[in-house]
Amino acid sequence: MNEEHLLKLHFPANPDRLCLVRALVKRAAGIAGCNSDLAEKLVIAVNEACMNVIQHAYKGDYSGEIVLEILNNDNRLLFRVEDYAAPIDLECVKPRDLDDIRPGGLGTYFIQEIMDECTMGHLEDGVGNYLEMIKIIK
Amino acid sequence: MNEEHLLKLHFPANPDRLCLVRALVKRAAGIAGCNSDLAEKLVIAVNEACMNVIQHAYKGDYSGEIVLEILNNDNRLLFRVEDYAAPIDLECVKPRDLDDIRPGGLGTYFIQEIMDECTMGHLEDGVGNYLEMIKIIK
Amino acid sequence: MKINTREEGGYAIIELIGEVDLSCSPAARKQILACLKANRSLLVDLKAVTYIDSSGVASLVEGYQTAKKLNLKFGLIGVSDSAMSVLRLARLDKVFPIHANVKERLREDG
Amino acid sequence: MKINTREEGGYAIIELIGEVDLSCSPAARKQILACLKANRSLLVDLKAVTYIDSSGVASLVEGYQTAKKLNLKFGLIGVSDSAMSVLRLARLDKVFPIHANVKERLREDG
(Lines give C-alpha, C1' and ligand atoms only; values in the text may rest on other atoms or scores of the structure.)
Protein backbone atom coordinates (compact mmCIF):
# COMPACT_ATOMS: atom_id res chain seq x y z
CA MET A 1 0.00 0.00 0.00
CA ASN A 2 1.47 3.25 -1.16
CA GLU A 3 -0.54 6.02 0.45
CA GLU A 4 0.33 9.46 -0.80
CA HIS A 5 -1.07 12.58 0.74
CA LEU A 6 -1.59 14.91 -2.19
CA LEU A 7 -2.91 17.94 -0.37
CA LYS A 8 -5.29 19.37 2.19
CA LEU A 9 -7.10 22.63 1.55
CA HIS A 10 -9.05 24.72 4.06
CA PHE A 11 -11.34 27.39 2.64
CA PRO A 12 -14.43 29.33 3.63
CA ALA A 13 -17.83 28.16 2.38
CA ASN A 14 -17.99 30.99 -0.12
CA PRO A 15 -18.99 30.28 -3.72
CA ASP A 16 -16.15 32.60 -4.81
CA ARG A 17 -13.69 29.99 -3.60
CA LEU A 18 -14.96 27.15 -5.77
CA CYS A 19 -12.57 28.19 -8.52
CA LEU A 20 -9.69 27.41 -6.15
CA VAL A 21 -11.05 23.93 -5.61
CA ARG A 22 -11.40 23.31 -9.33
CA ALA A 23 -7.88 24.49 -10.13
CA LEU A 24 -6.49 22.33 -7.37
CA VAL A 25 -8.41 19.16 -8.21
CA LYS A 26 -7.40 19.46 -11.85
CA ARG A 27 -3.72 19.66 -10.97
CA ALA A 28 -3.95 16.95 -8.29
CA ALA A 29 -5.63 14.62 -10.77
CA GLY A 30 -2.78 15.30 -13.19
CA ILE A 31 -0.21 14.47 -10.52
CA ALA A 32 -2.07 11.22 -9.83
CA GLY A 33 -1.80 10.32 -13.50
CA CYS A 34 -5.37 10.99 -14.69
CA ASN A 35 -5.82 12.02 -18.29
CA SER A 36 -7.43 15.38 -18.86
CA ASP A 37 -10.90 13.94 -19.59
CA LEU A 38 -10.97 12.17 -16.26
CA ALA A 39 -9.45 15.15 -14.49
CA GLU A 40 -12.29 17.31 -15.84
CA LYS A 41 -14.86 14.84 -14.52
CA LEU A 42 -13.23 14.74 -11.09
CA VAL A 43 -13.28 18.53 -11.03
CA ILE A 44 -17.02 18.43 -11.65
CA ALA A 45 -17.68 15.93 -8.86
CA VAL A 46 -15.59 17.67 -6.21
CA ASN A 47 -16.97 21.07 -7.20
CA GLU A 48 -20.52 19.77 -6.75
CA ALA A 49 -19.66 18.23 -3.39
CA CYS A 50 -18.32 21.56 -2.15
CA MET A 51 -21.31 23.43 -3.59
CA ASN A 52 -23.63 21.14 -1.67
CA VAL A 53 -21.79 21.87 1.55
CA ILE A 54 -22.07 25.61 0.88
CA GLN A 55 -25.76 25.45 -0.03
CA HIS A 56 -27.16 22.69 2.14
CA ALA A 57 -24.84 22.11 5.11
CA TYR A 58 -23.83 25.72 5.82
CA LYS A 59 -27.03 27.02 4.17
CA GLY A 60 -25.21 30.01 2.74
CA ASP A 61 -23.22 30.98 5.84
CA TYR A 62 -19.98 31.93 4.10
CA SER A 63 -17.97 31.90 7.31
CA GLY A 64 -18.21 28.12 7.60
CA GLU A 65 -15.02 26.17 6.92
CA ILE A 66 -14.63 23.43 4.33
CA VAL A 67 -11.68 21.04 4.26
CA LEU A 68 -10.80 19.16 1.10
CA GLU A 69 -8.25 16.40 1.37
CA ILE A 70 -6.91 14.39 -1.55
CA LEU A 71 -5.06 11.11 -1.09
CA ASN A 72 -3.70 8.68 -3.60
CA ASN A 73 -3.78 5.08 -2.40
CA ASP A 74 -2.33 2.77 -5.02
CA ASN A 75 -4.44 4.29 -7.79
CA ARG A 76 -7.49 4.73 -5.59
CA LEU A 77 -7.85 8.48 -5.59
CA LEU A 78 -9.70 9.60 -2.46
CA PHE A 79 -11.38 12.99 -2.10
CA ARG A 80 -12.63 13.83 1.37
CA VAL A 81 -14.80 16.91 1.90
CA GLU A 82 -15.40 17.87 5.51
CA ASP A 83 -17.58 20.57 7.04
CA TYR A 84 -18.30 21.73 10.59
CA ALA A 85 -21.97 22.53 10.10
CA ALA A 86 -24.80 20.94 12.06
CA PRO A 87 -25.13 17.24 11.28
CA ILE A 88 -27.23 16.85 8.15
CA ASP A 89 -30.06 14.41 7.52
CA LEU A 90 -28.23 11.81 5.45
CA GLU A 91 -31.52 10.45 4.09
CA CYS A 92 -32.19 13.71 2.27
CA VAL A 93 -29.09 13.46 0.16
CA LYS A 94 -30.23 11.98 -3.11
CA PRO A 95 -30.41 12.95 -6.76
CA ARG A 96 -33.67 13.69 -8.52
CA ASP A 97 -35.09 11.36 -11.13
CA LEU A 98 -33.49 12.60 -14.35
CA ASP A 99 -36.71 12.09 -16.31
CA ASP A 100 -38.29 14.75 -14.13
CA ILE A 101 -36.83 17.79 -15.90
CA ARG A 102 -36.59 20.57 -13.34
CA PRO A 103 -33.91 22.85 -11.99
CA GLY A 104 -31.75 21.32 -9.26
CA GLY A 105 -31.08 17.85 -8.01
CA LEU A 106 -28.16 17.23 -10.37
CA GLY A 107 -25.15 17.60 -8.07
CA THR A 108 -25.44 14.30 -6.22
CA TYR A 109 -26.20 12.58 -9.51
CA PHE A 110 -23.03 13.97 -11.08
CA ILE A 111 -21.03 12.79 -8.09
CA GLN A 112 -22.46 9.27 -8.25
CA GLU A 113 -21.96 9.02 -11.98
CA ILE A 114 -18.35 10.16 -11.83
CA MET A 115 -17.07 8.49 -8.68
CA ASP A 116 -16.71 4.78 -7.99
CA GLU A 117 -17.56 4.89 -4.27
CA CYS A 118 -19.16 7.53 -2.05
CA THR A 119 -19.57 7.48 1.72
CA MET A 120 -21.22 10.25 3.68
CA GLY A 121 -21.39 10.54 7.43
CA HIS A 122 -21.29 12.70 10.52
CA LEU A 123 -18.04 13.66 12.22
CA GLU A 124 -17.48 12.07 15.59
CA ASP A 125 -17.72 15.06 17.87
CA GLY A 126 -21.34 15.83 17.00
CA VAL A 127 -20.59 18.76 14.72
CA GLY A 128 -19.88 18.37 11.05
CA ASN A 129 -20.17 16.00 8.15
CA TYR A 130 -17.92 14.31 5.66
CA LEU A 131 -18.21 12.95 2.17
CA GLU A 132 -15.56 10.56 0.92
CA MET A 133 -15.41 9.94 -2.79
CA ILE A 134 -13.14 7.35 -4.35
CA LYS A 135 -12.15 7.06 -7.98
CA ILE A 136 -10.19 4.08 -9.20
CA ILE A 137 -7.54 5.22 -11.66
CA LYS A 138 -6.71 2.57 -14.24
CA MET B 1 -10.19 46.19 8.77
CA ASN B 2 -11.70 43.60 6.51
CA GLU B 3 -9.64 40.44 6.97
CA GLU B 4 -10.54 37.70 4.60
CA HIS B 5 -9.12 34.23 4.87
CA LEU B 6 -8.69 33.12 1.30
CA LEU B 7 -7.32 29.64 1.86
CA LYS B 8 -4.87 27.40 3.67
CA LEU B 9 -3.11 24.59 1.85
CA HIS B 10 -1.09 21.76 3.40
CA PHE B 11 1.13 19.79 1.05
CA PRO B 12 4.25 17.62 1.19
CA ALA B 13 7.61 19.20 0.35
CA ASN B 14 7.69 17.45 -3.00
CA PRO B 15 8.58 19.43 -6.14
CA ASP B 16 5.70 17.63 -7.91
CA ARG B 17 3.30 19.62 -5.76
CA LEU B 18 4.51 23.06 -6.81
CA CYS B 19 2.04 23.05 -9.70
CA LEU B 20 -0.76 22.92 -7.11
CA VAL B 21 0.63 25.99 -5.41
CA ARG B 22 0.88 27.89 -8.66
CA ALA B 23 -2.66 27.06 -9.74
CA LEU B 24 -3.96 28.08 -6.34
CA VAL B 25 -2.06 31.35 -6.04
CA LYS B 26 -3.17 32.38 -9.52
CA ARG B 27 -6.82 31.85 -8.65
CA ALA B 28 -6.51 33.41 -5.21
CA ALA B 29 -4.89 36.50 -6.72
CA GLY B 30 -7.80 36.70 -9.14
CA ILE B 31 -10.30 36.51 -6.28
CA ALA B 32 -8.41 39.30 -4.52
CA GLY B 33 -8.78 41.47 -7.62
CA CYS B 34 -5.26 41.30 -9.06
CA ASN B 35 -4.91 41.61 -12.81
CA SER B 36 -3.32 38.68 -14.59
CA ASP B 37 0.12 40.30 -14.83
CA LEU B 38 0.30 40.78 -11.11
CA ALA B 39 -1.19 37.35 -10.48
CA GLU B 40 1.59 35.84 -12.59
CA LYS B 41 4.22 37.67 -10.54
CA LEU B 42 2.69 36.53 -7.25
CA VAL B 43 2.72 32.98 -8.57
CA ILE B 44 6.45 33.32 -9.22
CA ALA B 45 7.21 34.65 -5.74
CA VAL B 46 5.18 32.06 -3.84
CA ASN B 47 6.50 29.25 -6.02
CA GLU B 48 10.08 30.33 -5.23
CA ALA B 49 9.32 30.56 -1.52
CA CYS B 50 7.99 26.99 -1.52
CA MET B 51 10.94 25.79 -3.62
CA ASN B 52 13.32 27.25 -1.07
CA VAL B 53 11.58 25.40 1.72
CA ILE B 54 11.82 22.15 -0.26
CA GLN B 55 15.49 22.65 -1.14
CA HIS B 56 16.96 24.46 1.84
CA ALA B 57 14.74 23.92 4.88
CA TYR B 58 13.71 20.28 4.27
CA LYS B 59 16.86 19.67 2.19
CA GLY B 60 15.00 17.40 -0.19
CA ASP B 61 13.10 15.36 2.41
CA TYR B 62 9.80 15.08 0.54
CA SER B 63 7.90 13.95 3.60
CA GLY B 64 8.14 17.38 5.23
CA GLU B 65 4.95 19.41 5.38
CA ILE B 66 4.50 22.90 3.96
CA VAL B 67 1.56 25.13 4.83
CA LEU B 68 0.60 28.02 2.58
CA GLU B 69 -1.92 30.48 3.90
CA ILE B 70 -3.34 33.40 1.93
CA LEU B 71 -5.16 36.28 3.60
CA ASN B 72 -6.60 39.43 2.16
CA ASN B 73 -6.46 42.37 4.58
CA ASP B 74 -7.98 45.45 3.02
CA ASN B 75 -5.96 45.04 -0.17
CA ARG B 76 -2.85 43.85 1.62
CA LEU B 77 -2.50 40.36 0.26
CA LEU B 78 -0.56 38.21 2.74
CA PHE B 79 1.11 34.93 1.80
CA ARG B 80 2.46 32.91 4.70
CA VAL B 81 4.63 29.86 4.03
CA GLU B 82 5.33 27.67 7.04
CA ASP B 83 7.54 24.62 7.44
CA TYR B 84 8.34 22.25 10.30
CA ALA B 85 11.99 21.70 9.45
CA ALA B 86 14.90 22.50 11.77
CA PRO B 87 15.22 26.26 12.36
CA ILE B 88 17.22 27.76 9.53
CA ASP B 89 20.04 30.27 9.74
CA LEU B 90 18.17 33.43 8.79
CA GLU B 91 21.43 35.21 7.93
CA CYS B 92 22.02 32.82 5.03
CA VAL B 93 18.85 33.80 3.24
CA LYS B 94 19.94 36.35 0.72
CA PRO B 95 19.98 36.75 -3.06
CA ARG B 96 23.19 36.69 -5.08
CA ASP B 97 24.58 39.82 -6.70
CA LEU B 98 22.85 39.83 -10.10
CA ASP B 99 26.02 41.01 -11.85
CA ASP B 100 27.63 37.78 -10.80
CA ILE B 101 26.13 35.55 -13.50
CA ARG B 102 25.95 32.04 -12.11
CA PRO B 103 23.30 29.40 -11.58
CA GLY B 104 21.22 29.84 -8.43
CA GLY B 105 20.62 32.65 -6.02
CA LEU B 106 17.63 34.05 -7.91
CA GLY B 107 14.69 32.85 -5.81
CA THR B 108 15.03 35.28 -2.92
CA TYR B 109 15.70 38.08 -5.39
CA PHE B 110 12.48 37.31 -7.26
CA ILE B 111 10.57 37.32 -4.00
CA GLN B 112 12.02 40.68 -2.92
CA GLU B 113 11.40 42.24 -6.31
CA ILE B 114 7.80 41.11 -6.45
CA MET B 115 6.63 41.54 -2.88
CA ASP B 116 6.30 44.74 -0.88
CA GLU B 117 7.26 43.31 2.52
CA CYS B 118 8.90 40.05 3.60
CA THR B 119 9.42 38.74 7.11
CA MET B 120 11.12 35.47 7.91
CA GLY B 121 11.41 33.85 11.29
CA HIS B 122 11.37 30.73 13.40
CA LEU B 123 8.17 29.20 14.73
CA GLU B 124 7.72 29.45 18.47
CA ASP B 125 8.01 25.84 19.52
CA GLY B 126 11.59 25.45 18.33
CA VAL B 127 10.75 23.56 15.16
CA GLY B 128 9.97 25.23 11.90
CA ASN B 129 10.18 28.48 10.04
CA TYR B 130 7.86 30.95 8.40
CA LEU B 131 8.06 33.47 5.61
CA GLU B 132 5.39 36.15 5.38
CA MET B 133 5.14 38.04 2.13
CA ILE B 134 2.84 41.01 1.68
CA LYS B 135 1.74 42.58 -1.56
CA ILE B 136 -0.25 45.79 -1.59
CA ILE B 137 -2.98 45.58 -4.20
CA LYS B 138 -3.87 48.96 -5.65
CA MET C 1 -18.33 35.07 -15.72
CA LYS C 2 -19.33 37.87 -18.02
CA ILE C 3 -22.68 38.30 -19.73
CA ASN C 4 -23.08 39.87 -23.16
CA THR C 5 -26.49 40.48 -24.64
CA ARG C 6 -27.45 41.12 -28.23
CA GLU C 7 -30.30 40.78 -30.72
CA GLU C 8 -30.25 38.51 -33.73
CA GLY C 9 -32.93 37.12 -36.02
CA GLY C 10 -35.76 38.10 -33.71
CA TYR C 11 -34.15 36.47 -30.69
CA ALA C 12 -32.63 38.02 -27.64
CA ILE C 13 -29.21 36.41 -27.22
CA ILE C 14 -27.61 36.09 -23.82
CA GLU C 15 -23.98 35.06 -24.09
CA LEU C 16 -22.39 33.60 -20.98
CA ILE C 17 -18.61 33.90 -20.94
CA GLY C 18 -16.12 32.11 -18.69
CA GLU C 19 -16.97 29.98 -15.68
CA VAL C 20 -20.66 29.72 -14.81
CA ASP C 21 -20.62 28.48 -11.26
CA LEU C 22 -22.47 29.07 -8.01
CA SER C 23 -20.72 32.42 -7.56
CA CYS C 24 -22.38 33.85 -10.66
CA SER C 25 -25.17 31.53 -11.82
CA PRO C 26 -27.74 33.62 -9.86
CA ALA C 27 -26.82 36.57 -12.09
CA ALA C 28 -27.20 34.43 -15.22
CA ARG C 29 -30.53 33.11 -13.96
CA LYS C 30 -31.82 36.62 -13.27
CA GLN C 31 -30.92 37.81 -16.74
CA ILE C 32 -32.48 34.77 -18.42
CA LEU C 33 -35.75 35.07 -16.51
CA ALA C 34 -35.93 38.86 -16.94
CA CYS C 35 -35.59 38.45 -20.68
CA LEU C 36 -38.34 35.85 -20.87
CA LYS C 37 -40.60 37.88 -18.63
CA ALA C 38 -40.15 40.76 -21.06
CA ASN C 39 -41.77 38.37 -23.54
CA ARG C 40 -38.68 37.80 -25.66
CA SER C 41 -37.75 34.52 -27.27
CA LEU C 42 -34.27 33.64 -26.10
CA LEU C 43 -31.12 31.84 -27.15
CA VAL C 44 -28.38 31.34 -24.61
CA ASP C 45 -24.95 31.34 -26.25
CA LEU C 46 -22.53 29.01 -24.48
CA LYS C 47 -19.60 29.10 -26.91
CA ALA C 48 -17.30 30.85 -24.45
CA VAL C 49 -18.29 28.86 -21.38
CA THR C 50 -15.19 27.23 -19.91
CA TYR C 51 -17.04 25.61 -17.02
CA ILE C 52 -20.65 25.23 -15.99
CA ASP C 53 -21.79 23.60 -12.77
CA SER C 54 -25.18 22.19 -11.79
CA SER C 55 -26.41 25.60 -10.63
CA GLY C 56 -25.66 27.02 -14.07
CA VAL C 57 -27.42 24.10 -15.71
CA ALA C 58 -30.37 24.64 -13.35
CA SER C 59 -30.67 28.22 -14.59
CA LEU C 60 -30.87 26.94 -18.15
CA VAL C 61 -33.52 24.38 -17.17
CA GLU C 62 -35.51 27.11 -15.47
CA GLY C 63 -35.26 29.25 -18.59
CA TYR C 64 -36.39 26.34 -20.74
CA GLN C 65 -39.44 25.70 -18.55
CA THR C 66 -40.35 29.34 -18.14
CA ALA C 67 -40.22 29.82 -21.91
CA LYS C 68 -42.53 26.84 -22.38
CA LYS C 69 -45.00 28.23 -19.88
CA LEU C 70 -44.95 31.65 -21.56
CA ASN C 71 -45.11 30.16 -25.06
CA LEU C 72 -41.77 31.67 -26.06
CA LYS C 73 -38.98 30.08 -28.03
CA PHE C 74 -35.85 29.05 -26.13
CA GLY C 75 -32.63 27.28 -26.96
CA LEU C 76 -28.89 27.00 -26.62
CA ILE C 77 -26.35 27.89 -29.27
CA GLY C 78 -22.62 27.35 -29.76
CA VAL C 79 -22.34 25.04 -26.78
CA SER C 80 -18.64 24.66 -25.87
CA ASP C 81 -17.15 21.18 -25.39
CA SER C 82 -16.88 21.69 -21.69
CA ALA C 83 -20.52 22.82 -21.37
CA MET C 84 -21.66 19.99 -23.64
CA SER C 85 -19.96 17.38 -21.52
CA VAL C 86 -21.90 18.62 -18.48
CA LEU C 87 -25.20 18.72 -20.41
CA ARG C 88 -24.56 15.14 -21.53
CA LEU C 89 -23.80 14.06 -17.98
CA ALA C 90 -27.17 15.58 -16.98
CA ARG C 91 -28.83 13.93 -20.00
CA LEU C 92 -30.10 17.34 -21.05
CA ASP C 93 -28.36 17.33 -24.43
CA LYS C 94 -31.50 15.77 -25.91
CA VAL C 95 -33.86 18.02 -23.95
CA PHE C 96 -32.68 21.51 -24.87
CA PRO C 97 -32.91 22.65 -28.49
CA ILE C 98 -29.21 23.04 -29.30
CA HIS C 99 -27.81 24.65 -32.45
CA ALA C 100 -24.38 25.70 -33.66
CA ASN C 101 -25.40 29.33 -34.07
CA VAL C 102 -28.37 31.64 -34.61
CA LYS C 103 -28.42 30.93 -38.35
CA GLU C 104 -28.80 27.20 -37.78
CA ARG C 105 -31.55 27.83 -35.31
CA LEU C 106 -33.40 30.11 -37.71
CA ARG C 107 -33.09 27.47 -40.45
CA GLU C 108 -34.79 24.97 -38.14
CA ASP C 109 -37.43 27.49 -37.07
CA GLY C 110 -38.23 27.67 -40.82
CA MET D 1 7.57 19.23 -19.02
CA LYS D 2 8.50 17.45 -22.21
CA ILE D 3 11.80 17.70 -24.05
CA ASN D 4 12.10 17.45 -27.83
CA THR D 5 15.47 17.44 -29.52
CA ARG D 6 16.31 18.13 -33.13
CA GLU D 7 19.11 19.38 -35.41
CA GLU D 8 18.98 22.57 -37.41
CA GLY D 9 21.62 24.71 -39.12
CA GLY D 10 24.49 22.97 -37.38
CA TYR D 11 22.97 23.42 -33.94
CA ALA D 12 21.53 20.86 -31.60
CA ILE D 13 18.14 22.19 -30.54
CA ILE D 14 16.62 21.26 -27.21
CA GLU D 15 12.99 22.29 -26.99
CA LEU D 16 11.49 22.53 -23.52
CA ILE D 17 7.70 22.21 -23.48
CA GLY D 18 5.30 23.05 -20.67
CA GLU D 19 6.24 23.98 -17.12
CA VAL D 20 9.96 23.94 -16.33
CA ASP D 21 10.01 23.81 -12.56
CA LEU D 22 11.96 22.11 -9.79
CA SER D 23 10.20 18.81 -10.52
CA CYS D 24 11.77 18.58 -13.97
CA SER D 25 14.53 21.20 -14.30
CA PRO D 26 17.16 18.57 -13.29
CA ALA D 27 16.15 16.60 -16.42
CA ALA D 28 16.46 19.73 -18.57
CA ARG D 29 19.84 20.52 -17.03
CA LYS D 30 21.12 17.01 -17.67
CA GLN D 31 20.12 17.13 -21.32
CA ILE D 32 21.65 20.58 -21.83
CA LEU D 33 24.97 19.63 -20.24
CA ALA D 34 25.13 16.26 -22.01
CA CYS D 35 24.66 17.99 -25.34
CA LEU D 36 27.43 20.50 -24.67
CA LYS D 37 29.75 17.80 -23.37
CA ALA D 38 29.21 15.99 -26.67
CA ASN D 39 30.77 19.11 -28.17
CA ARG D 40 27.62 20.39 -29.84
CA SER D 41 26.67 24.02 -30.14
CA LEU D 42 23.23 24.40 -28.64
CA LEU D 43 20.07 26.44 -28.89
CA VAL D 44 17.38 25.99 -26.25
CA ASP D 45 13.91 26.54 -27.70
CA LEU D 46 11.55 28.07 -25.13
CA LYS D 47 8.56 28.83 -27.36
CA ALA D 48 6.31 26.30 -25.62
CA VAL D 49 7.41 27.07 -22.08
CA THR D 50 4.36 28.05 -20.03
CA TYR D 51 6.29 28.54 -16.80
CA ILE D 52 9.93 28.55 -15.81
CA ASP D 53 11.17 28.92 -12.25
CA SER D 54 14.59 29.90 -10.92
CA SER D 55 15.84 26.31 -11.10
CA GLY D 56 14.97 26.21 -14.79
CA VAL D 57 16.71 29.54 -15.32
CA ALA D 58 19.72 28.21 -13.40
CA SER D 59 19.97 25.31 -15.85
CA LEU D 60 20.08 27.79 -18.72
CA VAL D 61 22.76 29.84 -16.96
CA GLU D 62 24.80 26.70 -16.41
CA GLY D 63 24.44 25.82 -20.09
CA TYR D 64 25.54 29.31 -21.07
CA GLN D 65 28.64 29.13 -18.90
CA THR D 66 29.55 25.59 -19.84
CA ALA D 67 29.31 26.50 -23.53
CA LYS D 68 31.61 29.46 -22.96
CA LYS D 69 34.15 27.27 -21.19
CA LEU D 70 34.03 24.70 -23.99
CA ASN D 71 34.12 27.35 -26.73
CA LEU D 72 30.74 26.27 -28.10
CA LYS D 73 27.88 28.45 -29.28
CA PHE D 74 24.83 28.70 -27.06
CA GLY D 75 21.59 30.64 -27.11
CA LEU D 76 17.86 30.76 -26.58
CA ILE D 77 15.24 30.86 -29.32
CA GLY D 78 11.49 31.49 -29.47
CA VAL D 79 11.32 32.61 -25.85
CA SER D 80 7.65 32.61 -24.77
CA ASP D 81 6.18 35.67 -23.04
CA SER D 82 6.01 33.89 -19.75
CA ALA D 83 9.65 32.73 -19.95
CA MET D 84 10.73 36.20 -21.09
CA SER D 85 9.11 37.87 -18.13
CA VAL D 86 11.14 35.62 -15.80
CA LEU D 87 14.39 36.25 -17.71
CA ARG D 88 13.71 39.99 -17.46
CA LEU D 89 13.07 39.71 -13.75
CA ALA D 90 16.46 37.95 -13.45
CA ARG D 91 18.03 40.60 -15.72
CA LEU D 92 19.25 37.79 -17.94
CA ASP D 93 17.41 39.00 -21.06
CA LYS D 94 20.52 41.00 -21.96
CA VAL D 95 22.94 38.21 -21.01
CA PHE D 96 21.71 35.29 -23.10
CA PRO D 97 21.83 35.53 -26.90
CA ILE D 98 18.10 35.42 -27.69
CA HIS D 99 16.61 35.04 -31.17
CA ALA D 100 13.15 34.47 -32.58
CA ASN D 101 14.15 31.22 -34.31
CA VAL D 102 17.10 29.31 -35.72
CA LYS D 103 17.05 31.31 -38.94
CA GLU D 104 17.45 34.60 -37.08
CA ARG D 105 20.27 33.14 -35.06
CA LEU D 106 22.04 31.89 -38.20
CA ARG D 107 21.68 35.32 -39.79
CA GLU D 108 23.45 36.82 -36.78
CA ASP D 109 26.11 34.11 -36.76
CA GLY D 110 26.78 35.26 -40.35
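Lettered A, B, C and D in written order, each chain numbered from 1.
Keep in mind that, in the parts below, a contact is a pair of C-beta atoms (placed from the backbone, for glycine too) under 8 Å apart; a residue touches a chain by one contact, two chains touch by 3 or more.
Just so it is clear, the structure is predicted and the values come from calculations on it, not from any experiment.
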Labels of chains that are neighbours to chain B and to chain C: A
Distance-maximising chain from chain A - centres being C-alpha averages: D
Separation of chain A from chain D, taking each centre as the mean of its C-alpha atoms, in whole Å: 42
Rounded Å distance between chain A and chain C, as computed from the means of their C-alpha atoms: 27
Chain centre separation (chain C, chain D; CA means) in Å: 47
Multi-chain contact residues (two or more partners), chain C: none
Set of chain A residues in contact with two or more other chains: 16, 19
Chain pairs in mutual contact under the definition given at the outset: A-B, A-C, B-D
In the complex, chain D residues that touch chain B: 19, 21-23, 51, 53-55, 57-59, 61-62, 64-65, 82, 85-86, 89-92, 95
Chain C contact footprint on chain A (complex, rising order): 15-16, 18-19, 22, 40, 43-44, 47-48, 51, 54-55, 98, 101-104, 106-107, 109-110, 113-114
Of all residues in chain A, those that touch chain B in their complex: 5-12, 16-17, 19-20, 23-24, 26-28, 30-31
